[in-house]
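Structures follow.
The same subunit A turns up in both complexes below, where it pairs with subunit B and then with subunit C.
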Partner chain A sequence: MVLIETDSLEKRYDDKVTALADLSVAIEPGIVGLVGVNGAGKSTLIKLALGLLAPTGGSIRVLGHDPIADGEAVRARVGYMPEHDCLPPDVIAAEFVTHMARVSGLPAATARERASETLRHVGLYEERYRRIGGYSTGMKQRVKLAQALVHDPELLLLDEPTNGLDPEGRRAMLDLVHRIGSEFGISVVVCSHLLGEIERICTSLVAIDAGRLLRSATLSSMTQHSDLLMVEIDEDPADLAEFLGRHGLEVRKDKRSLMVRIGGEPDETYDLIRDAVAELDLSLHRLEQHRHQVADLFRDLPTAEATHA
Partner chain B sequence: MPDTPTGVIHDIGYQRYEGPRLGRGYATRSLFTRNVRAAYGLGRSAWAKVLPIGLLAAASIAALILVVVNTQLPIEVIDYVGIASTFTYAATVFVAVVAPELVSTDLRNNLVALYLSRPLRPRDYALAKLAALATATFVMFAGPMVVLFLGMAFSTDNGFAGVIEEFGGLLAGLAAAAIHAAVLAAIALPFASLTGRRVFATGMIIAVSLLTAPISAILQTLSEDAGGQLAGLINPVNLLNGVDRWLFDGGVFDVGPYGAVYGLVSLLVIAVGTACTLLRYRKVKP
Partner chain C sequence: MTAVELDSVSRWYGNVVAVNDVTLTVNPGLTGLLGPNGAGKTTVLHLMAGLLAPSQGTVTVGGEAAWRNPDMYKQLGLVTERESVPGFLTAREFVLASAKLHKLPDPRAATRAALGIVEMESAQDREISTYSKGMRQRTRVAAALVHDPTVLLLDEPFNGMDPRQRMHMMELLHRMADEGRTILFSSHILEEVEQLSGTVQVIVSGRLAASGDYRHIRRLMTNRPHVFTISSSDDRRLATVLIGQESVSGVSMADGALQVHASDYGTFTRALAKLAKKSGIRLTSVLPADESLEKVFSYLVAA
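And now, the complex of A and B:
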């Protein structure tokens, strides 16, 4: 089943700002990374999926329902963790999460039980009996995650869950998201502007930019394209790039190193690079097969493909 | 404590929930109950309890004193409807503090978006909040009335007939309390829902309820019969006193022949307040 399916979805604010334009994408179950720079339209897409906003064009279906016409059915089965602070400071965490569970339709006793369980799963133990106002940012993020998870949704929508966390906290939060997606068996759509951070935990990625779909693919299909060699030399790589280019290799400069696409015969490519380095009398620093750099795939897209993908 | 632990916590992993999911109605009721509790500071910090609980306690003590006075003096000084009339100012302070607590803090903490990502609709949220405020205000009136009833019922000289008579008075008082609570809530909540700052919200409600009082009083003294008798309409407290006079022959405000006008305006205030609250949350920024 498709989790979220959009068809030329469009959202304009006040007929002026276009947040999403002609977005058609099908998000499959798994841990899906929704990447894009700030303002690319990630949060807008999530709010459209929840039915908090109405699209100005096109259509969106979530878990097979229309979030506007059938909002109740969608929102009962979806968990949402907003980007910004959304917790009342003078309420005890356990009580707040219990309350949110009840508002999601869980009977009182079950709500209390599941609130404790969920807070434990996100790593809050005895602290859960304290007021949220006294919590650190990391703990608040965990409470936000717990309230999204407490009613056992089929789909979790996480808007920048690592916002405001230190590196250690970011790692812990992402591990938690990964556990929810893999062990708990709940599909997750996680928004981030940091591709490098979430590609580690995702099964597929959807990249949007300026409200348009840049690319959508499973992570394995993206990282298969490891036909790039990274060549790093101590000297200026311009000469080497020119040399390799003359011999029919596809070369791109990336900061101080070169990205060389491996030709039909991999061995010949290696040989050519070796010979070139020797001929130009350069000192080779590093030569390695390039992989798992999803960012490159997004960046390398030809413009035509990027807009009509 | 026994030497061996009696219970061990096992990590049995994440449990899927297969049970029933009670829909919108249940969610709305849950929000309502929580907010009635929150109005009295239950489940919140000690400071949040001070004013509402303190006010209720003070009103109940006042009712106890009334029991003593009423039983000692030959005539009844204040009856049940009288409590509704005289406590209206205190109840105004109550809604001015509690209404922002119920809606302004949600706005300030971005909680509204979180609620709306649940099966609730904006309308459910608005009505649950309004009903919670009205119920909490009703309790503020009903508490001292029940105290008065218990006191009077136990000290009556007429036996069971006396208790029945007191009970009739209590019912009239509770009806007045319900009207007072509905009107005050319908005035306070729309104002509170305009701002995320509690202080501003409280200020607006106090201004509407208390600053109109002197104007109403001046009009009352300056105007001739009809003008004076209608002057109470512009102030919520006088408006409610007028209704008490019309329906229960209580209250301290002379309404002349215009009692029905007071009743109508009260209904109008409730309707407009509810409509404004619904309108306010119809387009809420997620």
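And now, the complex of A and C:
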């Protein structure tokens, strides 16, 4: 089933600001990255999907339901982790998550069990009996994730889940999100500004810009191999570049590495690089077919800030 | 050329030791300041900016003391993590105020130049409250740059920025480093630090865990074998060739590629192409699997 399907979706605020204009996209199950520059309409799309806002045009369906007309059905099947700090500091984490489970319609006893189980899943053990106010950023992010998961949703919406986390915390959160998507079989939509994170955990990507769909594709199709080989050696690459150039290869220096065009005879190119490195007595550190990056998507966009103003 | 130096610096708050006997030098160019939350990064930056007195040791900027030395601010600018710009001012007014505080001879020209560097001229007369996060951040950088300092310290400059703003900010930092400035920035996003600069200072629980180019740091960890993922025209035969080498401590096959553990990095990388050539095996990919900044960082934090 399609997770979120929009058809010429439009949202204007006060008839002045257009947050979404004619957005048509079908988000398929998996771990989906939702990217866009600030002000592109990501938050608006999430609010529309949760039924917190009504569209001013077009339609949106979440797991086959209309979030406005059929809000209860959507909320029972969707979990949401907001970006901003929204947890009550004076409440104990276990109680808070239990409360959120009850709000989602679970009976008292089940809610308590599920809350404790979910908190354990996200990596909070004895700490769950402490007040949230004393938690670190990483622990707070885990509580936010737990309350989104507690009613066993079919779809999770995560808004900047690694915000404020240090490298270890980020790694743990990304692993967790990846596990939720792959092992628990819950579909996940992740909003993030960190394209590296998206590349790491997502299976597909939806990019919006200025309220319109910019690109919707699987991640593997966006990070396809280019016809360039990246060669890195420990020594100064000038000699190697000269050698390869002399043998008819197209070589360009890029920071510490050489970019070599593979050309029509890939096998010969590979052999030539190997032989050149061997002959010149160099240390081969890296030989890799260059991939396109998700970041390329934004590199080519014009700077819209001036026009946004 | 202005270097920032910490010499056996400690800083404690009551019984909490935030920075513990750190000696480091930040040279001109781009340097990343890394560490887990609470490691003492912000304390280090504030010590360098003369906002905090070292409890022990000395902090110097270009050879002059940082603490109780207002003259030092002529060559240093700081962009704090917490965003505290008055929303009712325009970018120009805000940067101009900073220029006047520095008693610059021509504050207006300096303001124009600083706003030019961060490319904020087009929006300079709008109130800051109407700006996006990236524009506010660039305005703060302009205010810190208005007196043309040779040292610029930035605490988490990329926080909350979208992909385009990040790229823009990276270009800006690169450009300023190329002009010979000393730039130190803290960040948690290791992929970005890796793209920006190979040089890092890593702080773990208040102590300096490592400093220098992360690739070089990795080479120094000789107790950990270097892991390479290699694909070739004949993986199995290459494996038998490689395991015969003194410099290789282990070879395994996984996911259709070879995992090679090299105990002697230099010898192995020098021998690889020659061995492949001699055996007539085509190398299609050689990846250093554990030389990313992320891996190096996790080794340092775990150690």
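Note that in this section the second predicted complex is superposed on the first by the 230 of 309 C-alpha atoms of A that agree within 3 Å, B and C clash if a C-alpha of one lies under 4 Å from a C-alpha of the other, contacts with A are read in each partner's own complex, and residues count from 1 in each chain.
Everything that follows uses one rule, which is that contacts are C-beta pairs under 8 Å (C-beta built on N, C-alpha and C of every residue); 3 or more make two chains touch, one makes a residue touch a chain.
No experiment lies behind these values; they were computed from the predicted model shown.
In the superposed model, A:152 lies in contact with subunit B only, and not with subunit C.
Once chain A of one complex is fitted onto chain A of the other, the partner contacts of A:91 are limited to subunit B, with no touch recorded for subunit C. Contact residues on subunit C toward subunit A in their complex (touch as defined above): 34-37, 122-123, 126, 130, 132-135, 160-168, 188-192, 266, 269-270, 272-274, 276-277, 282-288, 294, 297-298, 301. Residue ranges of subunit A in contact with subunit C, taken from their complex: 35-40, 136-138, 165-171, 193-196, 234, 267, 270-271, 273-275, 277-278, 281-289, 295, 298-299, 301, 303-306, 308-309.
Interface residues of subunit A, counted against subunit B in their complex, comprise 47, 50, 52-53, 71-72, 75-76, 78, 80, 82, 84-92, 95, 99-100, 102-107, 110, 114, 117, 121, 131, 147, 151-152, 183-185.
Those residues of subunit B that touch subunit A in the shared complex are 13-17, 19-24, 26-27, 30-31, 34, 43-45, 48, 105-106, 109-111, 113-121, 286.
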